[in-house]
Structures are given as C-alpha cells and as structure tokens.
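One structure below.
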Amino acid sequence: MTVRVGVIGVGTIGQDHIRRLTEVIPGGRVVAVTDADTARARDVAARLPGAAVHPSARDLIAAGDVDAVLVASWGEAHEEQVLAAIGAGKPVFCEKPLAPTGDACLRIIDAEVAAGRRLVQVGFMRRYDAGYRALKAALDDGSIGAPLLMHCAHRNPSVPPYGFSTEMIISDSAVHEMDLVRWLFDDEIVAANVFKPRRSSRAGNGLQDPLIIQFEMASGILVDDEVFANAGYGYDIRGEIVGESGTVALADSGQVIRRSAGQHGGRVPAGWRERFSRAYDAELRSWLAAAAQRTSAGPGSWDGYAAAAVTGACVEALHTGDRIAVSLPGRPGFYPTAG
Amino acid sequence: MTVRVGVIGVGTIGQDHIRRLTEVIPGGRVVAVTDADTARARDVAARLPGAAVHPSARDLIAAGDVDAVLVASWGEAHEEQVLAAIGAGKPVFCEKPLAPTGDACLRIIDAEVAAGRRLVQVGFMRRYDAGYRALKAALDDGSIGAPLLMHCAHRNPSVPPYGFSTEMIISDSAVHEMDLVRWLFDDEIVAANVFKPRRSSRAGNGLQDPLIIQFEMASGILVDDEVFANAGYGYDIRGEIVGESGTVALADSGQVIRRSAGQHGGRVPAGWRERFSRAYDAELRSWLAAAAQRTSAGPGSWDGYAAAAVTGACVEALHTGDRIAVSLPGRPGFYPTAG
Amino acid sequence: MTVRVGVIGVGTIGQDHIRRLTEVIPGGRVVAVTDADTARARDVAARLPGAAVHPSARDLIAAGDVDAVLVASWGEAHEEQVLAAIGAGKPVFCEKPLAPTGDACLRIIDAEVAAGRRLVQVGFMRRYDAGYRALKAALDDGSIGAPLLMHCAHRNPSVPPYGFSTEMIISDSAVHEMDLVRWLFDDEIVAANVFKPRRSSRAGNGLQDPLIIQFEMASGILVDDEVFANAGYGYDIRGEIVGESGTVALADSGQVIRRSAGQHGGRVPAGWRERFSRAYDAELRSWLAAAAQRTSAGPGSWDGYAAAAVTGACVEALHTGDRIAVSLPGRPGFYPTAG
Amino acid sequence: MTVRVGVIGVGTIGQDHIRRLTEVIPGGRVVAVTDADTARARDVAARLPGAAVHPSARDLIAAGDVDAVLVASWGEAHEEQVLAAIGAGKPVFCEKPLAPTGDACLRIIDAEVAAGRRLVQVGFMRRYDAGYRALKAALDDGSIGAPLLMHCAHRNPSVPPYGFSTEMIISDSAVHEMDLVRWLFDDEIVAANVFKPRRSSRAGNGLQDPLIIQFEMASGILVDDEVFANAGYGYDIRGEIVGESGTVALADSGQVIRRSAGQHGGRVPAGWRERFSRAYDAELRSWLAAAAQRTSAGPGSWDGYAAAAVTGACVEALHTGDRIAVSLPGRPGFYPTAG
C-alpha cells in the first residue's frame, strides 16, 4: 500500500522531506501540499505529478485522499494542525517543537489519548542515527555496566550574528540532547542547571555562547552538555556515557584518514545536514511504515511534551542562575517508556 | 515512472535485491521472477503482489511488462541472459562475474556496442561505498599529489573448509580490488604477480591462504593486495593510496568507541553484508535511475571484461610463479574511461 | 657537579625517587636517608654505597654533605621539614601536598620570600607529561583561539574499599587537575562546585564516586572534571580544551593497535605509574638541574598553596552543595605566574 | 661504577651520543674523544671536564682509562676500530653499519668468538623503541596467533636532491626493517625482491623513489616494506603484523588530537630524531649497563652481518629485477637467536 501524504509547510525542511518521500524512500507519495506562501506551494506542487494545492492546513488534513500528514510549518501553528490530524484519525509527523508550550503539548496528549491510538511522531531524528543507536546498543548489552553520567557536546560551526538568542541555544540545539538522554537512559530529566563559561568573542551581539547545561535524570544520572553555537571548526556532535565498568562514546564519523603536511586526520562534518542526513531518511522511513498501519511510532507526544518542559526549565535556569526542577505529571499509561 | 523489474535467480543474492527494490528504494517494482528451482521462484513470487513466475530467463526477458532485468543466476548462465536482455533492448544489472571468460565478455561488449547504447551494469558495488568514494574524492582533489602506489587488504573472517579453492580467493575476493583500482586511478592493470606468504594453519585442505597479489597499472602505479580468506577476527577491508605529497586511507567504520577491561576500541564488521550494505543499496538505486532512462551507468561490460582478463592473469601467476602481463584489446570508444 | 641529595621518607614513593636518582637520571647522588621506621631507612641505605642514615629529618637537612632535600614523608610532617630546608638554604623537592592547610603553606611562602630565592618545588608531575606539554603548546600556538572551557576526566581503576574517603577523591585525585588548569591557562581558580552523579555500586562503603567538580577560572574559563575513583576499566586521564576556533585533547597513549575477535583497539594504562612514569622522571630531572644552581623551578610554594586553598573550597562545596568562592591573597611578586 | 667511555668520531651523531652520556643517562662518563678533524675533537673535549683528546682511534682504544668504546666514525673505518676494541677486550658500541661488507663483518664475528664473550653492540636503535617493543610483546603473547606476513612503511619527508642514491634507500633506510623483522620474528631473511612503483616527480636526479622491498623469512613469513625517501608530509614509520587470528600495528605517535578548520587529527613526526629520540636513549642506557659488566647485549655482530648480507641481496635485486636468495653461513652457537 502506498501512503498518500499531505505536507503542511514547504519551506526548506518541508521540501527536504518531500524529496525523501519522492526519491529516497519507497512506500509513500506526496498527494497534497499547503503553505502560508501560496505561490511557493504551487511551485512545489508543480514538480509533483498529481499533487493538489490546498488553501489551508485544515483543508489538506480533511482531504479524502490524504492518508497521513507531515507538519513542517512554523512552531506556533503546530498545535492546531496536529490536533486536526488527530481529530481526522490520521497519522501525523510533526517537526520539533511539537508545540511551543508545555500546556499546548498536554492538549495534544489529551487528544491523542482520547483517540485511543498513537498518531503523532515528533521529529527527533537523532534517535535514528546509526551512532546513537550503537551507543544505546552498547549500553543495553551491559558491557559498560549501569550508566552513571554522560558527557555531550553539541558544536555548530556558527549561527547568524543577529536573530539568534541565547534561549535558542537551548530550544533549538540542546533540545536534541534533552530528548536523546531520555531515550538512551529510558528515564526522565528532573532538574537542570545552566552555566556560562567565558564567552566567545565570535558570538554575535549579546549571545552567551557557549553554555554548559546539566541535566539530572530521575535515576541520578548526571549529564553535562556543552552547547556551542559558534564553535567555528565544524559541526561536531560528541557523546560519551560513563558506566560502572566502562564507557562508550560516539566515534568520529569521517570516511577516510589523510596524512599530509605533518598531520594525520579526518574530516569533521560541515553541518547538521551532512552529519544527520541518513538519520532523517531513517526517521521518515520509520514513520511511513507505521503510517501504513494507520498509527505512529518512535518519539511521540509525550516526548515532545517532556522536551518542552525541560526547555522551559533550562531557560529559567539560564535567567536565574538557579537549579530548576522539572515536574512532569504522571506519564499516561497509554505511552510506552521513552527507551 | 516506476521501472518494472524482472529478476532471474532468486537465491540469497536475488532475494536480497528484491528486498531492496521492494522495501528500500523507490522507483521500481518486481513484476517477474524466474529460477532454475521453480518451487523457489513460486515461493518468492507469492510474497510479491502481482509478480509473475516465468518458466525461463528467455521468457522473462521477452515479457512485455518487464522494463529491466536483474541477473542473479549462477555465473555460467550470465552470458546468454545478458545477451538476451541486450537483444531485447532492456537495461540489465548483472551480478559479477559478467561472464566466466574474457571471450564471453567480449561477445557481450560486441552486442552492446551494436545496440548503440549502454545497457549493462555489473555488480561491482564497492564503487558505491562511501569510504571508497571519499578515497577517490581525496585523490581527485589533489591534496596527496599524484598517486604512486596503493596498499590494500581484503580480509574475510573465514571460508568453508571444503569447496573454496585458492583460485576463488582471486576470482571471488581479489576481483573487487581489480575493479576498484581501475576505477580509482582511471587506469588499466597491465601485469600481475601473486606471492604466497606462510600459510595459515586455519586454512582448509590445500588452500594457499593468505595471498599477496600485486597489480601494475599502465601508469606505473603499483598496488599490493593482501587477500586473506580466513583472517579470523572479522571482515576488514583496508586501503591506503600513497601519493607524491601524502596518503589517504579508509578509516575504521565503527560507530562507537568502547573503553572497558583495559582496552579502548571499536567494532570490526562481522561480514561483507554489514560492511557494504549501503553500497549495495546505492548501486541498485543508481541502476534503477538509469534504467528509468532506458540505459545503464556505473561499472559496465568493459569493466566486467577487464576483471575477467586480470583474474585470468592472476590465476596463471598463481600457478606459474611468474609475473603475467595482461593484454587487453583497445577499449571501444563507446565506453567511457573507468574513472 | 653532582648534587648530593638527602631523602626524607623512604616508603614506596621515596624509594621510587631514589631509584630515579640512582638509575635513571645523571647528576645526583643519594648521600643520606631518614625515615620514621629506622630499620627501613637502614635497609634502603644498605643498597646505596656511601649513604648515611640520619636519626631525624632535622639532622639530615643540617648535614654538611647534603646539598638538596627530597621530602617524601607523610603530609603532616611536610611543613616543618620544608621550613627547615629553606632555613638551611637548601633546595627542596616536596611531594604533594606542600602542607595540609593553606595557613601552613602561607608560612612556607613567607619563609621562602624571606630567603630571597626559590628553593621549593612541589611534586605536581603532570606539568612534565609529554601529553599535557603538547596540550599547552597547542594552546599557546594560537591554533584553537582563546580558551573558553575544558573537559577533564580522571579515572582510576579502583581504590581500596575502606580507608578512602570522598574528600580524598578531591585532595588526592582532583588536586592534579587543580594545579594543571592553573598552569595550562596561567590563571587562578576563583570558585568551585561539586556535583554528585549516580553513585557507582562498586564504590566502597559510603564513598560518593564519581564526582563532577567544576572550576571557575578568574578569566571565566569553566572547567569540568569527572573524578572517578573506581572506574574499573583502567587508569584513564582525559582532557580537552575548547577554544574559540577549535579544540585540543589528550590522545590515547597506547603504542599499538590490535585487531582481533571483532574489535580493533589499544591499551588503556593499568595505573598512574604506567601513565606518568616518564613525567616523574622529567620532574626530578628538572629539579636536579635547578638544585645544581642552588635554586628550584617548576611548580612552587605558591602553587602548593593555591592547591590547598582550592582543595578546601571543593571539600566545602561537597559538604554544602553550594558554589564556594576561593579567595587567595595577592600573589607575592616574588613568584612568577603559574603558566 | 662509572663506565669511562671513549668516543671515536664526534660529528653530529657522536656529539648526540656524548650529550646522552653526559646529560641524559647516569652511569657513564666521556673521558676520551678522537676525530679525523682534530680541531673538532678539541672543541668537543673542551666542553667535557677532564676529557682527553687522542690523536687516533688506536690510541684512544688502548688508553688505560677507557673502559668502553663508542664508534661513530664513518662506515669504512668501523672494521678496524671494532677489531681493535675487541682486541683490547673492551665493550664497543658501533653505529650501523657494523662494516661495509659481509666479509668484514665475518672477520669481526671471528674475532669476537675468539675473544670468548660478547663485546659488540650495533646501533639498531629501533629494537629499543616503545612501539616496536609493544609490537613484539603483542606477538609474543599469542593474541594474534602465528605471524604470516607483515606490512611496513618507512617514509622520510625528503632527502637531498643530489648525493643520495637509490642504493642508499636500501642501505640507509630499509636496513632498519631488515634488522627489525629478524628480531621481531626471531628468524632469518632468506630472499629479497625489489619492486619499482611509479617514480615520484619530487625525487632527485635519477632516484628511484619509492621502492617496495619484499623479504622472505625462513619460516615463510612475507614482509613488504614501502621505503619512500621523499614522502613529503613527514617522517612516518608504520608496521602491521598479520597473524592467523588477528593483527597488531604501530599506533600513531602524536600526543594530542586537534580539531580545527573542519579536521580532526594529530601530528606526524618531523624527522627520525623526534620519532626515535627515546629509543636512542634506551639503546645507550642498555649498552652502558652491559659495559659495566664488561660485555655487550642487544643487536650484535651477527645482526650487523645479516644486515650487510641482506643489503647486498637487495641491491642485486634492485639492479637485476630478480628475486635474490640470501645465504648466510651457520650462525655461530656463540650468538643467541635474534629475537
């Protein structure tokens, strides 16, 4: 069965997902698009044989030939669109954030629980990265013993000098580690600290860059996350889990080692697209497989909610300098554990 | 346009390609199968909605609803099947070897040249491996200068104690390096030497394992290839090109580094499937894209012929202990250079 | 000129230094020993041609044929012995700690300043390690830009289940990083935080192991130090400095890479002796060279004092859970900066 | 006991050994020097308290206060000087080559056997390198099984464009691997092949650079040695032993890993001095310890002879293109095996 997909939002990310559904992954077909920019929606549809342009997300979601919905609009619109998809009983893939506030996420959770089956997947693609999956496999095979702490680093080559705030280092970058550590350890984050190292002179106007964010898990596992938006040298994602009898860390991802000019070494990825390209493919492949069964799997509404709650705590920790506890309501039994 | 594919030979490799065409890659559909073992053909077809079982390769190739042909039968049958596909004007993917002898390969070349367009792709999947592609990119960007020599190692964990001959170390294993170095250096192999190191006590009855095979390229580049069928510890494929100002080598392919029990280190692949899984996907993806244009790209009939000729020279070198020259007729202008 | 050395304390560490002075390094000779255990002193002296046994440290320091003094007694005795050496105008090498309290260290500083020249070297051997020296060289050559933060890990395979307290993780282990970061960054530590991750079940009775210690430097550089006394898998010392345009980290120290049983990898040192053996040699070589000039170089009294003050702050942070500021009096102009 | 050393030849290498005996290693003292350039001998002696300048090697060797002799003169003079030292019953360290011809080496062997005890150590310092010692330890601990073959690379950054012949690539560079593989495998080389890859355009007038040299050991182990005098990028010494169940290879020797400008990597040594500095220290330390016992250990006359014989075979193989057998007379029982 070919899953007929409607795409809401056809900017850079939406178009990238359309490319995947069209050229990379079998089993789906983009039959409908919509965008706040109607001309752009028409342009994109023109390159997709048989795809309709809908005047609104609401119309697209309601369309009889749309089996599943992919939300790549801006964050403020997510809640309404995801709720509409749930209401229509259609599987929905929603780019992060699930919704901008914890309350909005809780409304989505309520709707999904009421619908009686998983319909939402949130775009935390790192869970599908081969490196992180090997990390989790090594953790789960017991060879390093019980996990005690983890060191993460999330380094971007640079961000635009204006329009990127310190809060966005948390909500756009560190949010990935928030989800990952919940998944790796099958555990919730219960508190966060934010520390401010010496500021890089390359950071734009007013930006506190880098940050050290510390997550405390319910089990006591302590995670430190260096988040550096202007690391300069490349896009470098690091992670090492320290267990009772050993550690396991992400390996460097280069394909070849060069020896020249007095150095031996390999390539650091230039950006997130290079680093996580295959993870994006795998996440959508997984979503499509579940959508063919009229459901969703992978990171879901509860994970989107937890990320929103922890993001809020981190922003408060950034502003106050205090350790901020995260208190989640009980996880509905409807949802499986994160791991 | 969906390419309708007919598959000849549905043993392990044929079924693996069917899985790729069905679950991994978009743009193709398996509509027909055939196999010397008719029951097996029926079983496989039963899991493919709408796929027909043909009584012979000839029938399958002639079928009106078959756009392109994938040959995964045994080597002796390749010549006839590939010639039939060319005769029918249908793109054909043929697992290596293209044909068991150089003469048979030349007959295929003649037929393809007569057909007036590329129709044949040979299954040298390593050209699609990310590691080798990065090796070629590093070579081509000039950063190590002109290439002078290359060191290769091709280590299998083990081969069955009976039924695997020393000649097969050349024809089944080293054949991959023969094609690769032709492609990497865009150059032909003009002579081969085979050396016999101390024999592993783990090698089966009579097997001379490992071998060191030396290839001389027309440009003078010298390649040594350690081919070790019973290396024991894993499936380990190594390659380092030495240039006038530096070297470039395949990196280890593991995803994570573990530190435990006094050691730090990573995983060596368990077998060729783990190591080259993505390369197989990419080769078939590439074939399908060309087949949609009613042609073929990538390694072709000329490459299949060159591999057969060099294999013959190596086997003679093995038996005589002499350096054996390889003399190819002029490459038809019809074919592009190997690189 | 051969420096005639008197050694106070001939336990494990004292004997190791005697071995170095006798077998490894030229330019010195052990002419006198003393120890609270007189029999042990006599045994050691018996293997050193012409070495005298003195009844007390006081006598040894005063002896006319002793040019320089090496203090390897227990920490409580250091202050008196170092002061006596300064009083006698003799260069003195003192194992860490310089003295158990900041006040005691300040008294040593006063005496040394009054003596008018550097006479004291403290046993912070890591400053002489080739890895850390390369780290400092990379920092100083500007290739990673201004340093912003540093990640350290200090992992011991294990400590005895009894008799090793959580405070000792700070005073015996983390004290090395305290000195190192002061030297690497030529900067003082102004505050410390101590965090308690999930406790290892392998840690002895009551031990909080591992700890995460955070140092704030006057410049704003933030250092996190994972100190894990029972890491189990080996003695693993890690360090990565993150600068404005790149990072530099200690490399793994193994000599060979093994490929066997599905793994590739190298050795982690078994203990501090294996890891820092050459650093100990180099520190004593450096001390002897300065002693021949009747002075001392390398880490000195001020560094010993700073380490004592930061140790005190960390212990307070451990007990209170608060960030504890470190306030040092002004560094006497007599002492050069730490770097 | 302090060993009183006389040094014959105080050029670069002689002075470097004098520095070691004076500043790096205890247990020896340079009491006498001589050199064909008398002014140079006087200059060097002037910096060594109490050292005499002798008019000839013969005088120096005969001097009553010289306990042991270090020969760092040019190769043509070695035979006479080593024979004189043996005649005087004094331990002698001789830089490679022991003597320029196999026959000369055999005369030294005869004299040493007649003297009744080991007196000669040849300057094959790589046997004292920590990397090679770890390689041998890994081989000897059985973890890779019986050795079958070895890959070596010996890359120099460059050699002078004139005055360095292709034969010198064998006699000055590859001679190190000749000795090493004999020691690693405790086995003799029985034949050699020399292959000529594409020539580097950076090689000086007429130089065939690089070479691939192949050594066959008596046990059947096959060694290939890439010797590249103008590798350009650094001084890079590589070695991988392939055994029946695994491999072991020299690790990269850098102290730190830098991440900058899109790359991660480490340093390649700039030259042999940087790479083998500690091996030179250790070889002399070992010689001095044996000399204090009035004997020699480590690589000896037989090893010097074997290196001369294999060098001759390689030069013949270079000129003829043929595989050249090496035939050694039986090793005198007086000498232990190489390993």
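Letters A, B, C and D mark the chains as written, and numbering starts fresh at 1 in each.
Just so it is clear, contacts are C-beta pairs under 8 Å (C-beta built on N, C-alpha and C of every residue); 3 or more make two chains touch, one makes a residue touch a chain.
These numbers were taken from a predicted model, which means no experiment stands behind them.
Asker: Counting one step for each move to a touching chain, how far apart are chain A and chain D?
Answerer: When the steps are counted carefully, the minimum from chain A to chain D is 1.
Asker: Could you pull out the chain whose C-alpha mean position is farthest off from that of chain B?
Answerer: Most remote chain from chain B, centroid-wise, comes out as C.
Asker: Calculate how many whole Å lie between the centre of chain B and the centre of chain C, each centre taken as the average of the chain's C-alpha atoms.
Answerer: Once rounded, the distance between the two centres reads 58 Å.
Asker: With chain centres taken as the means of their Cα atoms, state the distance from chain B to chain D in Å.
Answerer: Chain B and chain D have C-alpha centres separated by 45 Å.
Asker: Using the average of all C-alpha atoms in each chain as its centre, how far is it in Å between chain C and chain D?
Answerer: Chain centroid spacing, chain C to chain D, equals 38 Å.
Asker: Show the residues in chain C shared as contacts by 2 or more other chains, in ascending order.
Answerer: Correct list: 232-233, 245-247, 252, 254, 257-261, 266-267.
Asker: If you look only at chain B, which of its residues touch chain C in the complex?
Answerer: 232-234, 236, 252, 254, 257-268, 270
Asker: Could you pull out which chain A residues touch chain C in their complex?
Answerer: 145-149, 151, 153, 195-202, 210, 212, 214, 217, 219-222, 224, 226, 228, 231-233, 242, 244-247
Asker: What does chain D use to touch chain C in their complex?
Answerer: 22-27, 130-131, 133-135, 138, 143-144, 245-252, 254-261, 266
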